[in-house]
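Here come two complexes built around chain A, the first alongside chain B, the second alongside chain C.
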Partner chain A sequence: MLLYIAKRLGRAFVSLCLIIIVVFVLLRQMPIEGYFASFDKMTPIQVENGLRKLGLLDPLPAQLLNFFGQLARGNLGISTRYRQNYPISRIIAQKAPFSLRFGLIAVGISIPLGLGLGVLMARRKGGAWDRMGTVYIVFMQAVPSAIYYLFLQLYGTQALNISLLYNPDKWQTMVLPVISLAMPSVAYFAMWMRRYTVDEANKEYIKLARVKGVPAMAVWFRHVFRNAVVPIVQLIPNSLLLTLAGSIYVESLYSIPGMGGLMVDVIKRQDNTMVQALVIIFAVLTIVGLLLGDLAMALVDPRISLAKRTEAR
Partner chain B sequence: MAFNEEFVAEPAGDVVLSIRDLHVKFRLRGQALHAIRGVSLEVRRRETLAIVGESGAGKSALVKNLCGLLDPNGWIDGGSIMYEGMDLAAFKSERDWSRVRGKHIAMVTQDPMASLNPLKTVGWQIEEALKYNQRLRGADARRRALELLADVGIPDTRRRSRQYPHEFSGGMRQRVVIAIALACSPRILICDEPTTALDVTIQAQILRLINDLKGKYGLTLVYITHDLGVVANVADRVAVMYAGDIVELGLCEEVFFDPRHPYTWALLSSLPQLGVRKQELRAIQGTPPNLFQPIRGDAFAPRNPWALEIDFQHRPPYGEVSPTHKARTWLLDPRAPAVEPPPAARSIRALFERGAFAEYPQGGKR
Partner chain C sequence: MSRFSLGERRVERAGDDVALALRNAAREAAKNTAAGAVNGDARQDSARVSSYLYSAKPDDLSPEQIAALPPGVFRLAPGDAREAEQTGYSHYSYWGSTLRMFLANRGAVAALSIVIIIVLFTFIQPYLPRQSDPNLIHNSPETGMQIINRAPDGEFWFGTNSIGQDLWARIWSGARTSLFIGLTVAVIQAAIGILMGALWGYARKLDFLFTEIYNILNNIPTTIVLILASYILRPSVRTIILAMSFTSWIVLARFIRNLTLIIRDQDFNVASRCLGTGLRRIITRNLLPQMVSVIMLRVALSIPYAIDMEVFLTYIGLGVPIETPSLGNLINAGRILMMSPSLRYQLIFPAIVLSLLTICFYLTGNAFADAADPKNHR
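After this line comes the complex of A and B, so read on.
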């Protein structure tokens, strides 16, 4: 088990380094005005001095090495245009709690809702729940989120009689952004839960459980549901990522002072170092999420021991 | 063992379960498939009844009705299954079935690789059966589970009971499935091709095990198989199924040594044990009939070289050969011409006497 965790951690670390290299190299191709607050008023000599000071005229491998050293010290760099000469890590420390709160609440409510919907759909295949659920899932998958986010904001705020934007002092204004973030996740969980439940319910061991006299409800909970939830564990980090992606748009829509809105902001303002820092942060979250999913799977499924195999055939 | 006494006290040979004129249909792609076409069959106490026939003959579809495992697209279209004054054919809900499943009728399923819950330990799965059928819990259940594991020949029971199914080989898993079935302490144990998924050496072990346990636990066994070698070894009585119907039924020796239905002849003639070196093995020509269409006459007639004209017109009734032996063929009608069974089918007795089945399945290797 420990060996498996070590291996998996090692792999996660390697992919993280690769992503950092790619992001770094790509962002060096961005226009250089992204490194200066008032590029328009600068003379070419000033620009060159500035670039030299930032170390951007060094050969690329040297820059990359510097950057890794900087990251190892926990330094994400200095903002140039978004908030001049302000450490990026400080900006993020102010913003992250908002995103975290919205994201966790959204995932927290979408798990029970999604699993519940999935099971309802699976219990009677082709029934009313199944058909309604399928419509919902297809809608979520097919329609760009921007459309229903906008509708939800427009009609939702009207119906609840609250302001269009997020106000930290009024909890009511949290409802609509959380619903927006949860909606695709509910569809995602429902889709997989339905599928896994149907899969498990048709398995041979369910027949044996029934024929050995276990009551129907016990078969349903202890065998079908219990086993169908196992692969779902792996999807939870993934759904966090889904809400993360959603938050980029939802946060700017409701002007929530979080990380997602920040991303849109800094791209618009061409703050190169900040874009770089944020992309790397999102990448780290993704990799950590996938890692946690795999580790959680290994915990709940005895078949994943990977270190040693005791199959005796 | 306490729970065996009631079986010991009852005389062997009484009818415990009786199927009367059972019809089962399945809806497939909008068409109705008539899978079981009027089967009548009695299961006697503490006998081993084997149901044989080729794939698709309806063997599984027939016994699935005994424990409510008929697929959702199937339904009983007439007939009755009487067990202890209850008509299983009229059972609708899982609640009804919970009255007979386990304690009365249990089943060993075909595929040991798939019939255990992969996420529960083997011990847990046996204890679950004990909990619902013998009201054993906690330490009592654990002790009994270990005993059962030992009974089915699994060594090192304490350690093994804490392992998961994936840590067991195919043969060992089938032993676990048998232990679960025994944990229900059933009167009737249905073995649905218990050895098909296993390799040959393991097959013999499992057959021997089931046979030993039959004596120890006073079981009534219903075997489903397409392997006549298995039948020859374990069965008291044999029912031969073809196209959803029992075409011949009799004591094991009667069906093997004095077969009367042309399908049984064909089946016996295609035994690999009858094969002659360097000659092609015999096979039955043609394919089974399409059960989506109504069958006219004898279902086997189109493949039957001995078919009479009437075989294509009217379904034959059962002809009685002896009080224990009957076959559904016009050849047993007094008006029928005398037909000699093929020499291969007649040589089965010689084969037995040579011991071809004695060490089955190794016998097939000669």
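After this line comes the complex of A and C, so read on.
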């Protein structure tokens, strides 16, 4: 078990380093305008001095090593265009709490909703709940998220009679972004919960329990649900990631001052160092999410052991 | 839709263990039968025959050597190729059953018809009479001013946009761009994915290398790769296709690899190989039918996914240039105007076409995957 965790950690670390190297090297190929707020007004000498100050004239391996040193100290570099000469980590520190709050609330409500929908769908296959749920899941999976985010914002704000954008002083304005973020996650949880529940309900021991005369409710809750809900554990980090990707849209649609909206902002302003920092942060979050999912699964499911893993690989 | 692939990945991983178990079981079985054959009848004759076998390859026996063979060792087997074929013949036809299963699903047929109609129409539309160029700015004949934001009417079926371009023409031209991106990505992904997956599954030595590549690549979020690639390269249709092909093949390759491993060592395939079936027949009759459903599902789903991603990249400012109409561009333009109810048609029309396309592709893909799965054939 410990060895498995160590191996999994090692792999995550290798991926992380690779991503950072690739991102860093690729972003150095960008036009140098992205490092200056007012490139057009600068003389070539100013540009060269500026680049030297940023350490961009060093050989690439040296820059890379330098960057890893910075990262180890928690320094993500300084913003050049978004907010000139301002440390990126400070900008992120202001933005992250918003993203975190929205993300956690969204995932928090999508778990009970998704699990509930999944169980309702599985209880009567082909029934009304099953059909409605299937339509919902297909819709969420097939239709580009931009469409339902936009229409939810458009008609939702009208129906609730609130302003289009997020206002930190009014809690009502939080409702729609949270719903937007939760919708795909609900479909995701419901889809898997339905599948796991159906699988579990068809097992022999459930038949035996029924034959023995265990009350239907007890069979559902004590046996089917409890066993079907276990593999859901590994979906939670994925759902967080889903929310993360959704946040890029939703935060900029509702002008929420979070990291997703920031990402769209700095891409539009071509702020190279900010894009680099944000891409790395999103990659780190993804890797950590997948790692936690695998570790949680290994903890919950005793069948996943090191022995099997090494054999399989 | 992409978002859900994360979950499937987990299941795939669990499937790995199953694949391993199946593989080992099949290997054991094959070993046992081989051992049994050696220990049985063959041993008695082997002493007598071995001198001939080792003196020359069996096929090279000269007529004298054949005449000198001890009688009773070899018997001419009465064999008739046509007869052998008849005992193994069934009226089952893979593609026939697939087609029947698919046609039995009325919703899927409807979805497929819509897909075909839309795809055909996007290509025919420019050649129809009275169509305008998607980038042409219409001026009013009386005032000479641009016809801005004209609501849908007889002349402009879907109205005009904020600079006087015909929205009807732009939507079909945009659908063409988006479909081109989706189809190209699907084809590239299928080609690379199937090739790499087959290599990964067949060449045992490459397994470790591929698995490690997969483990690393799979940790990298697709969205990030897309954003990064589009940020560094110039935004264009080619960039989007490149970025999406780069990330998507490995998932398909992994599916193919797992399926190859599972099917390769299944009893029916081992039996088939023992009976001397050629590689070509093994691939076309044993492997491919089992894989068609997965390949088709992945490919069909990658089309709406690619279209979705184009919309996403356009939204964050990394999409195709504005002169090239695409559904992403149109939706983005419509979004800016959505606050005034009278102009909302500029968002709603592209949104309807986009949703119709993606939903129908999705339904068709799922239904075809179900129909193509031999397990569902009666």
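We adopt the following convention: the second predicted complex is superposed on the first by the 296 of 313 C-alpha atoms of A that agree within 3 Å, B and C clash if a C-alpha of one lies under 4 Å from a C-alpha of the other, contacts with A are read in each partner's own complex, and residues count from 1 in each chain.
As a convention for this text, a residue touches a chain if its C-beta (ideal position, glycine included) is under 8 Å from a C-beta of that chain, and two chains touch if they have at least 3 such contacts.
Here the structure is a predicted model, which means the values were calculated and not measured.
Asks: For A:P61, decide between first (touching chain B), second (touching chain C), both and neither.
Replies: It touches nothing on chain B or chain C.
Asks: Which partner does A:L164 contact after superposing on A: first (chain B), second (chain C), both, neither?
Replies: second
Asks: Return first, second, both or neither, reflecting whether A:R210 touches chain B, chain C, both chains, or no partner chain.
Replies: In the superposed model, A:R210 contacts chain B only, not chain C.
Asks: In the superposed arrangement, which partner chain does A:I267 touch: chain B (first), chain C (second), both, or neither?
Replies: second
Asks: Among the partners chain B and chain C, which is in contact with a greater number of residues of chain A?
Replies: C
Asks: In the overlay, answer first, second, both or neither for which of chain B and chain C A:I19 touches.
Replies: A:I19 sits against chain C, while chain B stays out of touch.
Asks: Just checking: does A:R226 make contact with chain B only, chain C only, both, or neither of them? Give me first, second, both or neither.
Replies: first
Asks: Would you tell me the residues on chain A in contact with chain B in one complex that are also in contact with chain C in the other?
Replies: Residues 311-313 of chain A touch both chain B and chain C.
Asks: Using the touch definition up top, name the residues of chain A that touch chain C in the complex.
Replies: 11-12, 14-16, 18-19, 23, 26-27, 29-30, 138-139, 141-147, 150-151, 154, 164, 184, 188, 191-192, 231, 234-235, 238, 241-242, 245, 248-249, 252, 263-264, 267-268, 275, 279, 282-283, 286-287, 290, 293, 297, 308, 311-313
Asks: Going by the contact rule set out above, which residues of chain A touch chain B in the complex?
Replies: Counting only chain A, the residues touching chain B are 203-205, 207-216, 222-223, 226-227, 230, 300-303, 310-313.
Asks: Give every residue of chain B touching chain A within the complex, in rising order.
Replies: Within the complex, chain B touches chain A at residues 67-69, 94-95, 97-98, 101-103, 105-107, 109-111, 114-119, 128-129, 132-133, 164, 166-170, 172, 177, 180-181, 183-184.
Asks: Can you list the residues on chain C that touch chain A in the complex?
Replies: 1, 3-4, 6-7, 10, 16-17, 20, 208, 211, 215-216, 219-221, 223-224, 227-228, 231-232, 304, 307-308, 311-312, 315-318, 331, 335, 338-339, 344, 347, 351, 354-355, 358-359, 361-363
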